[in-house]
Amino acid sequence: MSFWERMEKLDRRWVYLAVGIAVIIPFILPTPLPISITTEAQSLFDAVEALPDGSNVMLVYDYYPSTIAECEPIAIAACHHLFRKNCKIITLSNIPYGGPSMAEKITRMMADQYGKTYGVDYVNLGYKYGYVAVLSGMGQSIESIFPADNSGTLLSELPLMDSVKNYEDIAFIFEIADNATADYWVSIVNAQYGVPIGCGGTAVMAPKFYAYISSGQFVGLLGGMRGAAEYEILINKQADAVKGMQAQSLVHLLIIGLVIFGNVGFFVTRSKQKRGAA
Amino acid sequence: MRTSLPIAVAFISGLVLVVAFFFRDDSLIGSLRQEFIVWLTIIGGFTLLLGVVSIVRVSWTAVKRRKEGWFYKILTLLGVFAMAIPAVLPVSWSPLFGRSDGTIYDWLFNYMQSPMMSTMFATLAFYIASAAHRAFRARSAEATILLITACAIMLWRIPMGEAMLNMIPGDLPSWLNTYVMGGANMAVQRGIIIGAALGAASMSLRIILGIERMYMGKG
Amino acid sequence: MIKTTRTTLNYLTGILTTIIFVFPEVIRAQSEEVAEIVTDSLFRVDRINALIFVVVFCSAILLYTKWAKAGKPLFLRKIPGLDAVEEAVGRATEMGRPVLFIPGIAELDEIETIAGVSILGRVAKITAQYDTPLMVPVRYPLVLAAGQEVVEQAYIEAGKQDSYDKDSVRYVAGEQFSFTATVNGYMMRERPATNIYMGAFFAESLLLAETGNAAGSIQIAGTARPEQLPFFIAACDYTLMGEELYAASAYLSREPIMTGGLKGQDFVKMLIIVAIIIGVLLATFDVGEWYIHLFEEV
Amino acid sequence: MSGWEIFQVWLVAFLTLALFSFMYKDNPIYRIAEHIFAGLTAGYQVGLIWDTIILQQVWVPMTSGQWWVVIPGILGMLMFTRFSSKYSWVSRSSLAFVMGATAGIFLISELHGRVLPQIQDTMVSLSGEGGFGATMLSIIIVIGVISTLIYFYFSKEHKGALGVTARVGIWFIMISFGAHFGYTVMGRVSLLIGRMQFLIEDWIGSFI
C-alpha cells in the first residue's frame, strides 16, 4: 500500500485529534492578528450610531442555545452599543427552547453594568408561539400579543411600554438569528411596516442574507463569530469573539490542508489505477 | 363533517388574513385579523405540548414494556418532570419555582440544557474536518468550482488567511466580499429566494383552498 | 392545450400591459390625490400592485392545476439524478442488501417532506418489484402514518401485498440528534446498499451522508436547504438541488396538484424574468422610473 | 469560587465531555447525557407554554372579562384528541386553523415582502455610469439571478439557449454553495471554539 492509499484509509479519529489540537493551541499561545472590517458590519454599526439617543430598539434573540458561541458575543456587543447610547431595549425571542432565558440573562447582565432599570430602560417580552403571527400581530398592537412580559408582569405596569404600542414606536430592530425567522422579519416587518432591521446571524445563514443587504431590507450584517469580532472592534469592547478568531485561523488552515491533501491523494491513486488498468 | 369542517376553517382563517392585508389596520377586517393572530398564538402554543406528550408516552411505554434501553428512558422522563414541575408551581410557594432568575428551571437551563445543546453542534466541527479529508473531491468541474470558492472564503474569513491574501496584489479580500459574496453568491441566493417564495406561496394557496390536505394526516 | 395556453397568455399579457401603461399614468397624474385616498379610505390603494401580483400568481397556479387534473399532458423535463434512483435500487437487489430511505426530518406540514413522501411511493414500487428490503426511519408520527400508507399502496399496486412489511416505515426518535445517532447505527450495522435522502435536512445532513459514505453505500440526496446542499453534493453520488426535489416528486408521482403547482410557478417565474429584463433595459437607458416603482413594497 | 460554583463548572464540563465522547465510540455515559438532554428540552417547553400561553394569554384575559379567549383555549385543548385513534379527527379543525391562518400570512408575505423587493433590486443599470467595478457587479447580478431562475425552470428541456443559460446557472450556483460551505465550516468551528473556551478557561482554569 502506498503512502497515499494509506492516507485515504486513515482512521477519522486521527483527524478529530488534529482538530482538537488545532483549537487548543491558540489558547495556549495567542497570536493576535489584525481583523479588517467588512462594509456590511460597518453599515450596521453606522445605522445604530445614527439613532437618536434614547430611541426605542427591539433586540431579538432568535437563536438556539446551540449557537451561543456565535450569537452571544453579538448580543453582548449590541447591548454595549445600545445601552451606551441610552437606547431603550425591548427584547423578545421566537425560540421555544431557551430563547427567553438567554434574553433575560444577557440583557440583565449588561443592564447591571450600565446601571439600567428593568421596566424603564429595558423590557423582556419573552416568547409566544408562531413567529409569523407574533411578527405580524405586533404591527397593530404589541400588547395584544404580549399581554405580559417574560415573568408575567402586565405590560401596563411597565413604564417603558407606555410609549411603545406597535412598530411605529420602534426606531430600529436588531435581529440576532441562527435560523429562518430572520427571513420573516424581512418579509413581514420590514416590508409591511418599514422598520429598519440590522442582522447578526450565524455564519451558516450569512450568505443568504447578502440578498437582503443588497435589497436594503437589512441595513447591515454580522456573519458569525467573525462578524461579532468586527462589531467588538467597532464598539471598542474586544471580548470573546476577537479571542475566538485566533483559534479559528488554525482550524481553517487545517481543513483547507485536508481538502488539498485528500484531493492530491484522490488524483494520485486514480491515475495509478488508470495506469494499472491500461 | 370530518373533512369539510376543517377545510372551511382553513379557508376562512386564511382568507381573512389575506384580505386584511389590503385594508387599513383600523378597519373591521383589520381588527378581525388581529383577533385571529392572537388565537393563532394560543392554539399553536398547544401544538408544542403535543410533542412533549408524545415523548412522555413513547418513553413511558418503553419503560413499562422493558424495551431495549428502557433505563435511559427513565432519565428522559426525569428530565421532563424536573424541568416542568418547578416551572408550573406558583412562585408564591417558593422563590425556586417559576421561570425567572434563580429558579430551578433557570438553573437546569443554564447548567445542563444550554451547554448540552451547544456541545451537540460543536461536534460537527470534527465531522466537517473528516469529511473534508475524505469526501470533498474535485470529481467534476462543478465540484472544483465549489471547492475553490470554499477554500478562498475560509481563508478570507480568518485573520491569518486575510494576511496571506493581502500578500497577493489586488486587494483580494474586498474583491471576494464585493464580487463573490455580494455578486455571484447574492444573485444565486436571490434566485433561490424567489423560487422558494413562489413555492411557499403556492403551497399556502393550496392549503387555504383545501386542495392540499396532507397535514390532516391523509394523502 | 396550446390554444388555451395562448389564450391565457394573451389574457395575462393584457393585465400586464395595463399595469405597465395605465398604472403609471394614474400614479403620476394623481400622486397627491392618491396620497389623500391612501390616508382616507380603508382600502390600501398603495398596495394595489401587490394585489395584482397575488391575483396573477393565484390564477396561474389554479389554472395549471385545473388543466393537470383534467388530464392535459403538461411537459416537465426529466431531472438527471432520477435515473440514478432506479439504478441504485437495482444495485441493492444484486447485492441482496436493503435500501434506506429518509423523507427528511421535518413535519408533514413542510412542503419538502410532502415531496419526499411522494418520492418514497415511487421508490417503494421499485423495491416491491425487485423484492428488495426497504427501511424508512421517520421522526414524526404524522410522517409515519403518511409513509406507511404510501408504501403499502405501492406494494399493492406492484401486486406484492404479501411481502409488505409494516415495520419498514418506523418511528425512530423525536429529537434531531437521537434520530441521527440511531440511523447512523443502522447504517453501520446493516450496511444498506443504497441510501436515499429526500426532504428537509438540517445539521445532521453531513453526519448521515458521511456515515453512509463510510459504510460504502450509493447515496442519492435531495433537499431545498441551500446551506445543507454543499455537504450532500460532496458526499453523495447524486444530488437534487432546491426545487429539483419538488420537480422530481411531481415528475415521478404525476400528481396533478404537484404538477399543476410546479407549472404555475414556472409560468410566474418566466413573467418575473421578463419583468427583470424590461426593468434592466429601462434602468440602463435611464427611462421609465415609474416602472421600477411598480415593484415597491409598502 | 464557592463550592457550589465549582460544582456547576464541573457539571457542565462533565456533560460536555460526555457528549464529545461519542466521537470516539457510542457509550453509556453519552446515552445518559443524551436522554437527560431530550427530557430537559421537552420540560423547558412545558414551563414556557404554561406561563406564556395558558396563564398570560388565556387565564388572565378570561378572568378579567375577555370571555371569548375561551374559544381558542378550547380549540387548543382539542389538539390532544390526536392521541385517540377514535376522536383524532376532532383535532383537525384546530390544526386547520393554525395551518390556514399561517398560510394566509405566508401567501402575502412571500409574494409582497420577498419576491417584489428582490425583483425590484435586480433592475439595475448596466450603462457603465458608476464606473467599471460597479457595472461588472451589476452584470454579475443580472446574469446570476436570471440564470439561476432558468436552472430551476422545469417546463422545457435544457437545450439550446436555455441549456447554455442553465449551464451558466449551475456555475453560479456552485460558487454560492462554495461560499455556503466556507461559511458553514466557519460556523461549526466557532461553536467548537466556544466549547473549548469553556473547557480551557472556565473548567481547567478553575483548578490550575
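So that you can tell them apart, the chains are marked A, B, C and D in the order they are listed, and the count of residues begins at 1 in each.
By definition in this document, a contact is a pair of C-beta atoms (placed from the backbone, for glycine too) under 8 Å apart; a residue touches a chain by one contact, two chains touch by 3 or more.
This is a predicted model, so every value here is computed, not measured.
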What chain is the most remote from chain A, judged by the mean position of CA atoms in each chain?
C
By C-beta contact count, B-C versus A-C, the higher one is B-C
Whole-Å separation of chain centres (CA-atom averages), chain A against chain C:
29
Quick one: report the Å distance separating chain B from chain C, using the average Cα coordinate of each chain.
19
With chain centres defined as C-alpha means, what is the inter-centre distance between chain B and chain D in Å?
3
Length of the line joining the C-alpha centres of chain A and chain B, rounded to whole Å:
15
For chain D, what residues touch not just one other chain but two or more?
22-23, 34, 37-38, 41, 44-45, 48-49, 51-53, 57, 98-99, 101-102, 105-108, 110-122, 141-142, 145-146, 149, 152, 173, 176-181, 183-186, 189, 191-192, 194-195
What positions in chain A touch 2 or more of the other chains?
12, 16, 19, 23, 66-69, 96-98, 100, 128-130, 133, 136, 150, 187, 191-192, 203-204, 207-208, 211, 214, 223, 226, 248, 251-252, 255
Give me the residue numbers in chain C that touch at least two other chains, ranges are fine.
47, 50, 54, 57, 109, 174, 177, 214, 226-227, 230-231, 233-234, 242-243, 269, 272, 297
Between the chains shown, work out who touches whom and classify the graph as line, ring, star, complete or other.
complete
Chain A-facing residues of chain C, complex
214, 226-227, 297-298
What residues of chain C sit close enough to touch chain D in their complex?
47, 49-50, 53-54, 57, 75-77, 79, 109, 174-175, 177-178, 181, 185, 226-227, 229-231, 233-234, 241-244, 247, 262-263, 266-267, 269-270, 272-273, 275-277, 279-280, 282-286, 292, 295-297
Touching residues on chain C, where the partner in the complex is chain B:
41-44, 47, 50-51, 54, 57-58, 61-62, 65, 108-109, 111, 114, 117, 141-142, 145-146, 149-150, 171, 174, 177, 203, 206-207, 209-210, 213-214, 224, 226, 230-231, 233-235, 242-243, 246, 257, 261, 264-265, 268-269, 272
Interface with chain B, chain D side, in the complex: residues 8, 11-12, 15-16, 19-20, 22-23, 31-54, 57-58, 69, 71-73, 75-77, 79-80, 82-83, 88-89, 92-108, 110-112, 114-115, 118-119, 121-122, 133, 136-137, 140-149, 151-152, 169-186, 188-189, 191-192, 194-195, 198
Residues of chain D defined as touching chain C within the complex
22, 26, 34, 37-38, 41, 99, 107-108, 111-113, 115-117, 119-120, 122-127, 142, 145-146, 149-150, 152-158, 173, 176-178, 180-181, 184
